[in-house]
Amino acid sequence: MILRIDRLQTPLPPPSDPDPAGAAAVQELLGGRFGEMSTLMNYTFQSFNFRNRQGARPFYDLVANIAAEEYGHIELVAATINTMLTGATPLDSAPDPTDTPLAGVKGVGNFHHFLKGGQGALPADSIGSPWTGDYVFSSGDLIEDLTHNFFLETGARQGKLKVYEMVDHPAARALTGYLLIRGGVHQVAYARALENLTGANLMKLFPSPRIPTEKIPECRPHLETGEHRKLYRFSPNDYREIVAVFNGPHPETGEELIVVDEAPSGAPANDLPQQPAVFAPDYAPEEISAIAQKLRKAAGLPDEPTGEVANANGGLIGKVKEKLT
Amino acid sequence: MILRIDRLQTPLPPPSDPDPAGAAAVQELLGGRFGEMSTLMNYTFQSFNFRNRQGARPFYDLVANIAAEEYGHIELVAATINTMLTGATPLDSAPDPTDTPLAGVKGVGNFHHFLKGGQGALPADSIGSPWTGDYVFSSGDLIEDLTHNFFLETGARQGKLKVYEMVDHPAARALTGYLLIRGGVHQVAYARALENLTGANLMKLFPSPRIPTEKIPECRPHLETGEHRKLYRFSPNDYREIVAVFNGPHPETGEELIVVDEAPSGAPANDLPQQPAVFAPDYAPEEISAIAQKLRKAAGLPDEPTGEVANANGGLIGKVKEKLT
Amino acid sequence: MILRIDRLQTPLPPPSDPDPAGAAAVQELLGGRFGEMSTLMNYTFQSFNFRNRQGARPFYDLVANIAAEEYGHIELVAATINTMLTGATPLDSAPDPTDTPLAGVKGVGNFHHFLKGGQGALPADSIGSPWTGDYVFSSGDLIEDLTHNFFLETGARQGKLKVYEMVDHPAARALTGYLLIRGGVHQVAYARALENLTGANLMKLFPSPRIPTEKIPECRPHLETGEHRKLYRFSPNDYREIVAVFNGPHPETGEELIVVDEAPSGAPANDLPQQPAVFAPDYAPEEISAIAQKLRKAAGLPDEPTGEVANANGGLIGKVKEKLT
Amino acid sequence: MILRIDRLQTPLPPPSDPDPAGAAAVQELLGGRFGEMSTLMNYTFQSFNFRNRQGARPFYDLVANIAAEEYGHIELVAATINTMLTGATPLDSAPDPTDTPLAGVKGVGNFHHFLKGGQGALPADSIGSPWTGDYVFSSGDLIEDLTHNFFLETGARQGKLKVYEMVDHPAARALTGYLLIRGGVHQVAYARALENLTGANLMKLFPSPRIPTEKIPECRPHLETGEHRKLYRFSPNDYREIVAVFNGPHPETGEELIVVDEAPSGAPANDLPQQPAVFAPDYAPEEISAIAQKLRKAAGLPDEPTGEVANANGGLIGKVKEKLT
Amino acid sequence: MILRIDRLQTPLPPPSDPDPAGAAAVQELLGGRFGEMSTLMNYTFQSFNFRNRQGARPFYDLVANIAAEEYGHIELVAATINTMLTGATPLDSAPDPTDTPLAGVKGVGNFHHFLKGGQGALPADSIGSPWTGDYVFSSGDLIEDLTHNFFLETGARQGKLKVYEMVDHPAARALTGYLLIRGGVHQVAYARALENLTGANLMKLFPSPRIPTEKIPECRPHLETGEHRKLYRFSPNDYREIVAVFNGPHPETGEELIVVDEAPSGAPANDLPQQPAVFAPDYAPEEISAIAQKLRKAAGLPDEPTGEVANANGGLIGKVKEKLT
Amino acid sequence: MILRIDRLQTPLPPPSDPDPAGAAAVQELLGGRFGEMSTLMNYTFQSFNFRNRQGARPFYDLVANIAAEEYGHIELVAATINTMLTGATPLDSAPDPTDTPLAGVKGVGNFHHFLKGGQGALPADSIGSPWTGDYVFSSGDLIEDLTHNFFLETGARQGKLKVYEMVDHPAARALTGYLLIRGGVHQVAYARALENLTGANLMKLFPSPRIPTEKIPECRPHLETGEHRKLYRFSPNDYREIVAVFNGPHPETGEELIVVDEAPSGAPANDLPQQPAVFAPDYAPEEISAIAQKLRKAAGLPDEPTGEVANANGGLIGKVKEKLT
């Protein structure tokens, strides 16, 4: 089971200029075959289905713990998409429907972001095809599963690099810069596990694709703080045997791999503003706020919401802010 | 992001008689349209996509927190399926392939449990159709999403009851008994949220389907400990405003609804034994164990695995135990 | 638009012995690529999308009118499946769930008939794959669409013959006997339309598959009443120009083709009994009946239901009847 | 079975400016999860699978009768899409293919409208994903099915509003204005049925989404004639017990709900003109017209087509008309 | 089994101006329901599944041999798409990712061409839906399969004509000009086979769609060399009995049909240049070339590659060439 | 393009006892994610999409040439399935449909083998899910594609081993014995290519799954003739540079790898007998034979079919033979 923490693993910039076509591209990293839904669910099911856990504990712990980190990745990609969609329609409450407030996004990006969702992320890829359980590989054969996972991470790295090259929205760049680093750690971890089991030296395949990570400016701050060689333990008390696998030198830098015995502290998410034309969270959201306030009071909670967010009012900047009358 | 705890929310019995056809049926509760993958991913995406969180914090906290509980549910269903599949093929290491060790499951249950997976759970339904992102409804419209969630939980309740009626394997019964109770809590929570927002009294639709929960013997222990009226807070520090929504009387019993300010303690999972004929975790798993032991020692870990499991040797009983020479 | 008539185009026998595996097979005729959902939706969409109707009126009328008949065919197939599923689980009200009342259908036929549906027909094929809009061909090119339709009907004929050969349940035999005749009329109609437009003599392809219709005993009564050469006009006032296409000799018998200027009178459907273990229409359906009776009275309706059905109590016979305590 | 009437339930404007991207958006209302194919097929299958009809006749009649109305809705959406696509390619007969007559729609809207179809509606959604039988919920449990139907209608209302906000083509606006009204009637009907069965007051959820219907100018004429509180009986003689459920006050206006004992009179459809570049109905359609005329004569039909259409020559106006040399 | 020849069946022009939206359209001819993957796999599976081959040898040979030709068609369509995508991103080695080198294709054509593939063809249609085995019809009934194949070829002809009308890129025009001719031969072949078996004269349906092939300028050179009446034998020694079916006059021209007792000589493919921004074949492809050269030498191969291609450096012309610094 | 040879790469035994459930299992090797359709289409598309072929010729030749071999593999799997299905229904011509000749296969194996196909192989997996283009990975990045291919072959090996363990039908055993050997060659080839490009020693992962190939008796004859270390060149004149990559010692045996400069000679296929109850190739196939004979004569062909098959009359043995009256 899990405990959930209402923070992102890395901070994201607040909404600036909307980019619905870019948001459609970023979906590939969420619901594509090599997106984060896939890494999350592959490792999650492999850990569920792991037989003889006690006999192979270090490997079970490794897969189960990386699965936990991946949850934070789908959260980050979704937050990025939501940020990029913010402002693509008017922000004012109770918009006049006869003004055709969605006209500006007709034929731009993915229709489903607006017609199905409320300018929100979808469990789908860049052309709107839904993520499917067919993307999960869980053979139960440990060496086979690890071979798959290594391949999956190289495919994921490729997707991140291409989205980086296609989309220059600040949120997308912050996202891909971070994910490239963390995905790289998982590539190393699975390569290391296979090396331990078979002697095969997959580290030589690094980096794959063969563009050095340091070429990406948004990766550099994370390289400087050593994120590329840290495996966090995402559990209060479990998965302690990851140290038995994740050790030795990093294949690109030669630095020692490190297990960090807790989760990263992360950062609060932006409170993304309402989009009333798509009824998110309502056509006239102030009614919901009023009810919430009343309930909060009745329950003895403080007047101010107890949850922490990065920015009041969504921290709107740039064109998005101008749009809000 | 999440922290993962290596325990199940409720204990499951150890493997006894294998039931591959029953395991195929239970898949409906995992990857079916109304299965736990759906409840997990619906609430997870709704929480990701929630706009104006501060203004509607009690509702955001409710959805996000229930999403966290659902992760434990997919874990439970997967563990049940794995338990039911255990022993369906020989348990001995390095089986002779010319003995046709999978002959006994040819045409029984779902081929994919054996040909794709390693006698392990699939993100698919009872006929093997993969779970798909199309099952996620995340409109961004709070009232709409809650209406959906209430409906989703009634569909889920129906599935659990029917699986209960079809499968009498002890693990399946323990599972459905527990899930019926917890799903009921979520039905109540969403009904209550809608009542707060609109005044609609969906509580009157209880129970749906109209078979009283207390008719299920496996539900009764949970009713006695009050699980049917407790909403756990699955977070170290967040989602505190669920108390503003989850309160008032239970629609079936009239007892007061309760927020429990932590996660349930749960129980360790069984360590399900190897199934070497499907290479889970290997054709001759003792090699993996030997490597693991060496790595453990090199990392300064104790000789015994640090992870806790419910039963040594998978706690095999009944026919499964006899099979193991 | 349509008017609906609460009658079947041909009578079906009441439930006798349940046949869940046979019901799964019959699904191919409902939701398979060549099933009745396909014939219905192909002709329906072709009629919707027909350009220059006035200029090509006889052909528009032909396609639109056959589409109307096909609606009655999906109704018939669904009724057959429902008949065959009746009695596969206990018929008594409020069954004890701990008796595992669905145990008898675990692994028999299609799980979805019981776990998703209430022993009811699905818009899916014999392996449970859902019918999809991809099965609709509507190119807008009249000759192309008619070529498709002719091919579709030959594929449909093959499916009916094979289901006939696989399933000997009386309802399935009554169904296929009737559909073979009616589908044959549509084959002739489309061949005739193509002949008018191009001179191609597709009539020579009859029968396809090359098994004479008269070999099927259940077809013979319909052959005797001439159903194989009648095209009914399924409309109060429209589609009158079908007479301009549907004329000339029948390719197998040489008899003259006939347009009947109204719909067939048909027969009332059986009122299939409750299946409380799958909650159809409820766990304890007598409550619904009591409410219905009250509403009926309040609305000034007679005590007896105003709708006509073929048999009181579903007209149960054989094993099904014995089961009902 | 059905009788088909060659009229639309509400009049649509003739083709004016083509809007292929808008037509792609409108597809969501036809083949999307909450589109009219879904409402049609959900209620149709629920009526097919309804057990114990006599005991629950008012509810059976309600579902079966609404299903009949929905057929007219898929017809309307298809007609709208076809109207919006008209003129997107040249209208003249036998166009020169080397002029690249489809160049103007390359990358605009949905490729399938032109490459698969003949500028015609598809059983697919706004991104071209085909409608699927997976969208049908037919549990057999009456209360469950009605809960679903209520939810389905709220989802459908949301889709209609969003398409309204995205597309200002006159045909799309006429369509959504009408469908919002009729879908609202169905929401009320299902809420009322649930209230009768359980006492739950879903009327309080109105309107959902929370934008008042009267805000939509195209709804107002229908509100004035009371369409929002009328349930038509779409059958010559059946489904008479709908009066037992559809009664009481309208949740938004308080006016009394009314059963109209016949179908609406509707309006003839436009005869949409040929699109020869996509071979609809032919590359040189005048040949088909000539053949049709000959057949009509041979069959003793009048020279003029017997079917009624709204406008000679498709009633082209605006840019579309100018295009026709 | 097969022998593969590294040549195209017809020459294609070298890359000139990139046309990603056009490339998306051409995908319909590769992975659409009526695309070349479908013709290839339909005939291939029909030949695999052909029962009583000796008794029906001329028909088996016909289907098996046409299947062989179709392989060359998927190769041609893929080469066309790859040609049209060439130059859509920078051609220089090791591009700077911060320059957003894929920005120019964001929202143009199919995202998957860039995010999943390396500017390469996909087994998918014009909206990115993957080709599926559901498109294969292989009933085993010879007359039925031939009827299908005739219909399939008419659908394929329609697709080719529409792509021709939408896309004027030289590669697309060369492709469709050639495929129209070859597909026409297959239409004739299947019509002829059906005529032999049943007497039905499907030749009268020619051409379908009813636009004469000679209207397409790119078809004319092939008409002049008689490609429209030649069936090549794609085998060293087998399928000799095609002569028993493919004979008689051509339905459009009256000329005699001819069997050519070998495969066409074809033409070498262009060596399409690297696209390093999508890592095809690498971020810095010169490293691969250096390794290849070393391996070639070590294996005693000549310094120059042994394979023949149409153009050094991909024969770039027009805008594509200018882009290459 | 290709030339097709009407022979199998390895001989298969004639039909003996039918095994429809086993045939369903074997489908996983044809249309499953790791089946032969996948290996064929992955390598085929990768070769189509290969950029800068001249610069990387040895690698292009390797992928293109292995693709050619895979065609023979789908042919072999299909032939196996067809063999196993033979005799599952009566073999006599013109069977009486009222005898329910398909009753014996109702609910056994895959309904589609009988209701859609003519006891013939499907492009689908063991549960009937169609093969899809989504299974093709063609990133254009050479190292990435090779990493994928290595992983794909390990997944394929697993599938073959499991089918071997589940099905003991002689045809299935002959098939898997052969495919295990040939797939092993491809694993080695891709590992060797990656080693050349990066230095990574994937050979250490052999065998994967970790069951030695020599444990399978049906592999041993092929091991003895050295099939496990031979790469055949499947082309009259091309793909000569495979020698630059496929060389060095075999990872399991240490023997030298060998390129064979031609295709294997193979063996003729069995002429599988008619199955008239499913109309394959007809309800009364002797009519087709008579027509074929007439056509053969008219074309000047010898009286005996010119094609070679393994066995007259399909070489029926065992139960199948007894069935034929």
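Lettered A, B, C, D, E and F in written order, each chain numbered from 1.
Note that in this section a residue touches a chain if its C-beta (ideal position, glycine included) is under 8 Å from a C-beta of that chain, and two chains touch if they have at least 3 such contacts.
Please read all numbers here as calculations on a predicted model, not as lab measurements.
Think of each touching pair as a link: the shortest run of links from chain C to chain F has 1 of them. Using mean Cα coordinates as chain centres, the one most removed from chain D is F. Of all residue numbers that take part in the contact between chain A and chain D, under half occur on both sides, making this a different-residue interface.
Among the remaining chains, the Cα-based centre furthest from that of chain E is the centre of B.
With C-E and C-D as the two chain pairs, more C-beta contacts join C-D.
Chain geometry summary: the mean Cα position of chain A and that of chain B are 24 Å apart. Mean C-alpha position of chain A lies 48 Å from that of chain C. Between chain B and chain C the centroid-to-centroid distance comes to 40 Å (mean Cα coordinates, whole Å). Counting only residues that touch two or more partner chains, chain F has 33, 116, 127, 129, 134, 139, 141, 143-144, 158, 209-210, 278-279, 282. The list of touching chain pairs reads A-B, A-D, A-E, A-F, B-C, B-D, B-F, C-D, C-E, C-F, D-E, E-F. Residues of chain B that touch chain D in their complex: 33, 134, 137, 139, 141, 143-144, 147-148, 150-151, 154-155, 158, 194, 198-205, 208-210. Across the interface of their complex, chain C is touched by residues 21-22, 24-25, 28, 32-33, 108-109, 126-127, 129, 158-159, 161-168, 209-211, 215-217 of chain B.
Looking at the complex, you find that chain A touches chain B at residues 1-9, 31, 37, 41, 44-45, 48-61, 64-65, 67-69, 71-72, 74-75, 78-79, 82, 116-124, 130-134, 136, 138-144, 196-197, 234-241, 243-245, 247, 263, 266, 271-275, 278-282, 285-286, 288-289, 291-292, 295-296, 298-301, 305-307, 309, 312. Only residues 94-98, 100-103, 105-107, 110-112, 114-116, 127-129, 277-279, 282-284, 287 of chain D touch chain E when the two sit together in their complex.
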